[in-house]
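The structures considered in this document are given below.
Each of the next two complexes has chain A plus one other chain: chain B in the first, chain C in the second.
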Partner chain A sequence: MPDELVSLTIDDVQVSVPKGTLLIEAAKQAGVLVPHYCYHPGLPVAGVCRMCLVDVEKQPKLSIACATQVADGMVVRTQSDQAKKARQSVLEFLLINHPLDCPICDQAGECELQDFVFQEGRAGTRYTEYSKRFNPVEDFGPDVLYVPNRCILCTRCVRFMEDVAKEPVLNVSERGDRAFIGIHPESRLDHPWAGNVVDLCPVGSLLSKDFLHKARAWELDKTASICTGCSQGCNVTLDTREDVVVRVRPRPNLDVNRYFMCDHGRAHYRWMNRGDRIEAPLIRHGGELRATDWDEALDRSREILKGARGAAVALVSPRASTEALFLARRALAAFEWTGAFQVVVGDEAPLAGVPNLALRAERAPNGKGAELLGYTRAYAAAVTAAQSAAVVLVLDDPDAVVKTDGALIYLGTVLPPVAREAAVALPIANVAEEEGTFVNRDGRVQRYFQAKPAPGMARPGWWALGELLPEAERPASAADAFTQLAAAEPAFAGLSYGQLGFAGARTTRGAGAGAGVPA
Partner chain B sequence: MGYPHKPHPKETAVLSKHFGDAEARSYKGWVKRGGYEAWKQAQAMTPAAIIEELKNSGLRGRGGAGFPTGLKWSFMPKEKKKPHYLCVNADESEPGTFKDREIMRWTPHQLLEGTAIAMRAIQAEVGYIYVRGEFTEPFAIMAQALDEAYKAGILGDLKIYLVRGAGAYICGEETALMNSIEGKRGNPRIKPPFPAAAGVFGLPTTINNVETLAAVPHILKNGAAWYKAMCLSNPKSTGTKLFSVCGQVQKPGNYEVTMGFPLKDLIYGMAGGVPRGRTLKACIPGGSSVPILNREETESCLLDYEGCVEKGTMLGSGGVIVFDDSADMVYQIMRLARFYAHESCAQCTQCREGTAWTTKILQRILAGQGKSTDLDLLLDLSENMTGKTICVLSDSCAAPVVSGIKKFRGEFEEYLAGRRRPVVAA
Partner chain C sequence: MAVLVKVMKRPVKETSYLRATLKGMALTFSHLFRPKVTMQYPEQKATDDWTLSSRWRGTHRMLTDEQGRAKCVACGLCPQICPANCIKLVPGEDEEGHRYPLIYEIDEFRCVFCGYCQEVCPEEAIHVGVHYENSEYARDRFVYDLERLCAQTHPVSTLWDPADPKGE
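Let's turn to the complex of A and B:
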């Protein structure tokens, strides 16, 4: 049943929104961002910062947009003199105890207090003659520092721990202007999802120790990506500074991770910056691997595939892109094929307040994609089969231990022992250096984008594998590879790379697989 | 001077009739004085009939807002789908107010009887009496009375619990009180939803002040018309009201008068006026949260809801704070602001920061370091603190500041000009 729609006017823009919508959300649809601090769409409404005061016609007092539901015919003004003065006064009140240590604050540049003060605050302060509230920095948890002096008491962190993580270790302690965020004296902020409080903090009061003083916000480039930490497929943003990944933050996707990501995923990015990479294709000359160019390496690979007959085994990483996995199989189409992958397993850590969101035990972003393409978890059997196979292809699986009488083609980012047995070793890009898709555990195909260049001559896996196909079939881009995949694989039927966009879409076959997922 | 003082001839002792009469505290003593007759009467009435009687009596909330009690009760869902609750606000913390304390100290059964009747009217099965933490003696007396009432079986199936506050002024705000009962931090909630829809534990709740409920048995017993007839001025304000007179008067204490009684007679007649040799300077008629009156306004103010509004203040809780000409109004206003700064729950920005900032400016003025722009700044901050927050604590801090500067500007200016000896206030 469609929701009943309510029409209202916000700053002279007419919008129709479902009944029960909050004014602050309706305003977004009218293209109006009502300044706010305590409100967050992923948290229960608190209505405490009083920043989102707006003028609602026929109301005697200003209303807070975050706690006012829309009504038919409502006329809202965010820019009336009264509303502007009220918000300006909130900013002034917030600043009297705020240290204005922006030059040394990690939040500077992405600070909502800076932004809104710049947008509509007073030019000068009327609070000059008093010292400001001081409390020392507190070590809240493994990756969270609390700087109480910068705190504006919006209580987002408190509400996250209480209502989303369901581990209420934070509170507001004390009263009046002495108030600060307190932590249970016998607890640490070490919940597996605790790092979200740092993202939620609108100012630089809760800081990530990992990111501390690493970069100024304006030095960062941001790229949409998918977390590789587990099979949940949380949407993330990779923050890079000078082509180095320095931070991973959640990217909102209401169907997957809402506004959150776990600490495991958050901390899981250093490998993307590894320096010990294969930077050139390598081919075997007698007992050693020698660097060469792509033409020679690809020619040698094609010769191997052309000259061999019989069985082929592919040992692949569940972190490889769906496109690479697809093309790896296609490149071995002439053989009697076995494909397998292995998955690292860890502890599962659900986020209690969000259905179907957890750090999953399977630490693999694309295990589902591999499965849909016919790869199995019978990894040991595949390793055994590899001994007598004519061709063994290892795709970014550095932990593979394989002995074979046939030819070994290795594609990877680094040079592990297995690569030293290879006839050809091809350098490929990692997830931050290419674009592609992963399929999460619920069968949702999601795109990730290129955040930084690949080192040396490394190329995306889909490209290297595509080059092994007959010339007419070689994809020109990741999009092209996906189009081929969607045409060839029934599970991906009907999906287009462009339509996946930033939010992704469900596979037809995967749809039935995600147990307990709301439709 | 004994306490409580003997009733003044001009008092209308209804609620306070048995103040000072220790025997009235016991169940037997109370029954002997006609207690629980109204409750028996109520049990024979339908809830709707009780509410109708209350509406007709014109009784209005005695906690400060003056909302018609019968109307408030009628907001509870008619068709009962969930458990209903009654909260009794005995967290009397408004500076200058000490009437509920005396009701509980001397006539605990009066409150229990009113509570029982109210619970029947709103169809509540559970009632919480939330007693201010510092009220150790009233709490013990209430506990004993409750025990006696249960032993006597008079309360039937009603479950009434005493809850003790922990010393926060803000827990007297109705929704903060409910949070406190639930074991949470006493923070006021955003409204709507109002308590009648979602109150304590998220269920339909009515909350009434002690004095309001204490009046209920008398209304049932003597009839709405009797109560309504007790009116000296505006017909919208009926019945009697306890006024706690304190400050610079000769006979501080609680005085019960009919609505519309002149404030002048209360101060000069009953409370004995200001100390000898002094003259009246100012008065806060309704507890610390209402605007201050100057002498002329005080002497012409009639004590009912409308009479106070006419003078630009409010009847509030009936805590009458009297200042004579020795009072330093700047200091007094600073003390009030400091109280609010201390008690702000810290939720709303304007209140958390504004009450403290206001206090600092006032302290600076007192210390002789004020600036010529300070009064305008104080007035502007007060405006920014009024009508913009979840509850009215912030407004309450602004009210004495604004009215104080308006009416006693000269005293502020003397400090600013360096003509008064600085006061260092901790």
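Let's turn to the complex of A and C:
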């Protein structure tokens, strides 16, 4: 049933929103961001910070936009003198106790207190006699530090642990100006999703130990990407500084991960910065691999494919892009083809408060994509088949152990033992260095974007594999490769990069698989 | 064909060089009795009526706290503001949990001495100095590391006139 719409005016802008919408969300639709601290769309409303005070016509007092539901014909002014003055006072109160240590605070540059004080706060304080509090930094958990001095008691972290993680280990201890965030004395903040409190904290009170002092917020370049930690496919932002990935943060996607990501995914970025990469194509001369250029390496690969007949085996990584997986199969189209991948399995860690969101046991961001393209999980059988195959193609699967009588073509980011047996080893880009798509476990196709350049001569996997095709069929870009894929595979029919955008879209065949996903 | 040259007849008073010479000598010798204006650099670096401006922007100096540690907290604002991109900063944390610069280097060759680093510094740590004698035997000596910046003793620039902060 479609929701009943109500119309209201916010700062002279007319908006229509579903009944029951909060004023703060309606204001976003009117293009107004009401300053707020305790409100977060992923958490229950608390209404404790009093920052989002707005003026509602015909109401005697100011209302907090985060806990007021819209009503038909409401006239809201966020910028009236009264509302502005009230918010200014709230900011002034917050700054009585907040230290001005922005130069050494990791949050500086992405701090909501900084932003809103700069936007509408007072230039000076009137509480010059009042001495600031000083409490030592506390170690909350494996990756979380608590700096009580900077805390503005918005309670987002408390509500996250209580209502979303369902492991209420945090609370507000003491009262009044002595209040601070307390942790249960016998617990640690070691929930697998606890890292989210750092993102939720609007100020620099909860800090990530991993990111501590690593970079300043304004030095970071942000790229939309997909987490490679498991098959959930959480939308993330890769923060890079001088072409090094320094942090991974969740990117809101209401259909997949809402506003959250797990600590496993958060810590799972160091491999993207590995220094021991293959930087040039290698081809076998006599007994050893020798560096060469792309032309020669590709010529050699095409020769191998052209000269061989019979069976071909592709051992692929479930971390390869859908485009590369598709083109790997296509390049071997003339053969009797077997494709397989192996999946690393770990512990499953669900986020209790969000349906269908968990750190999945299968640590394979594109396992579903590989399955849709005909790759199977019968990895051991494929390895056996590889022994007698004419061509074996290994796509970025460093753990592969293959003995074969045929020719081995290896595409990868690093040079594991299997690559040393190869006739040709081609350097390819990793997930942070190329554009592509992953299909998550629910059959949702999601794009990731290039965050940094690939080292040396490494090129994206779709390019290297595309070059093995006849000249007329070679894709010119990742988008082109995906168009070919969509045309050839019924599961991907009708999809294109433009349509996927930043949010992704369901495959047609995978649509039934992920029932129970929140809309 | 003979060339005709017209010879001007002028009075001796005007054609005699003696008079002009004496006039010049008189000017020269008169300087012996005027106040001296030449500064005897390098023995002398300032005179009563001329010193380097207190707003001079020369090579940098890092100020230190009572324990002799650099006041810098590695906030990253100076490398950010620097138009010449001459400041290299890597932050770290000491045993007491204080943020401090692990590496702080200024390439004085690249520096354009704009003074923005001093202006932006929230801790009043990095300063441009009232100093101009910077000769070295090797080019790489012009990359000043933290130790060297702290060891500088020259006065620091005031950047603006304290009596007239809004003036030019």
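To be clear about the criterion, the second predicted complex is superposed on the first by the 514 of 519 C-alpha atoms of A that agree within 3 Å, B and C clash if a C-alpha of one lies under 4 Å from a C-alpha of the other, contacts with A are read in each partner's own complex, and residues count from 1 in each chain.
Criterion: a contact is a pair of C-beta atoms (placed from the backbone, for glycine too) under 8 Å apart; a residue touches a chain by one contact, two chains touch by 3 or more.
Since we're looking at a predicted model, the values are computed, not measured.
Clash or fit: chain B against chain C, after overlaying the two structures on chain A?
By the criteria stated at the top, chain C and chain B fit after superposition, with no clash.
Please indicate which partner A:Asn356 is in contact with in the superposed arrangement: first for chain B, second for chain C, both, or neither.
In the superposed model, A:Asn356 contacts neither chain B nor chain C.
Where does A:Gly47 make contact in the superposed view: on chain B (first), on chain C (second), on both, or on neither?
It touches chain B, and chain C stays clear.
Which holds for A:Leu153: it touches chain B only (first), chain C only (second), both, or neither?
first
Kindly classify A:Ser477 by the partners it touches after superposition: chain B alone (first), chain C alone (second), both, or neither?
So A:Ser477 meets neither chain B nor chain C here.
Contact-wise, after the overlay, does A:Thr9 reach chain B, chain C, both or neither (first, second, both, neither)?
neither
Is A:Asn171 contacted by the first partner chain B, the second partner chain C, both or neither?
A:Asn171 contacts chain B only, not chain C.
If you tally the residues of chain A touched by each partner, is the higher count for chain B or for chain C?
B
By the touch definition at the top of the document, which applies to A:Glu219: first (chain B), second (chain C), both, or neither?
second
Anyone got the angle at chain A's C-alpha centre between chain B and chain C, nearest 10 degrees?
90
In the overlaid three-chain picture, which partner chain does A:Asn135 touch, first (chain B) or second (chain C), both, or neither?
neither
In whole Å, what is the nearest CA distance you get between chain B and chain C after the fit?
Between chain B and chain C, the minimum C-alpha distance equals 26 Å.
For the complex, which residues does chain A have touching chain C?
Spelled out, the residues of chain A in touch with chain C are 102-104, 108, 137, 212-213, 216, 218-219.
For chain C, which residues count as touching chain A in their complex?
That would be residues 73-77, 80, 91-93, 97-99, 122-123 of chain C.
Taking the touch rule as given, give the residues of chain B at its contact with chain A in the complex, in rising order.
Against chain A, the touching part of chain B is residues 168, 170, 185, 190, 341-350, 352-357, 360, 364, 377, 381, 384, 387-390.
What residues of chain A sit close enough to touch chain B in their complex?
Spelled out, the residues of chain A in touch with chain B are 45-51, 53, 61-62, 64, 67, 85-86, 89-90, 92-94, 96-97, 126-127, 129-130, 152-153, 155, 171-172, 174-179.
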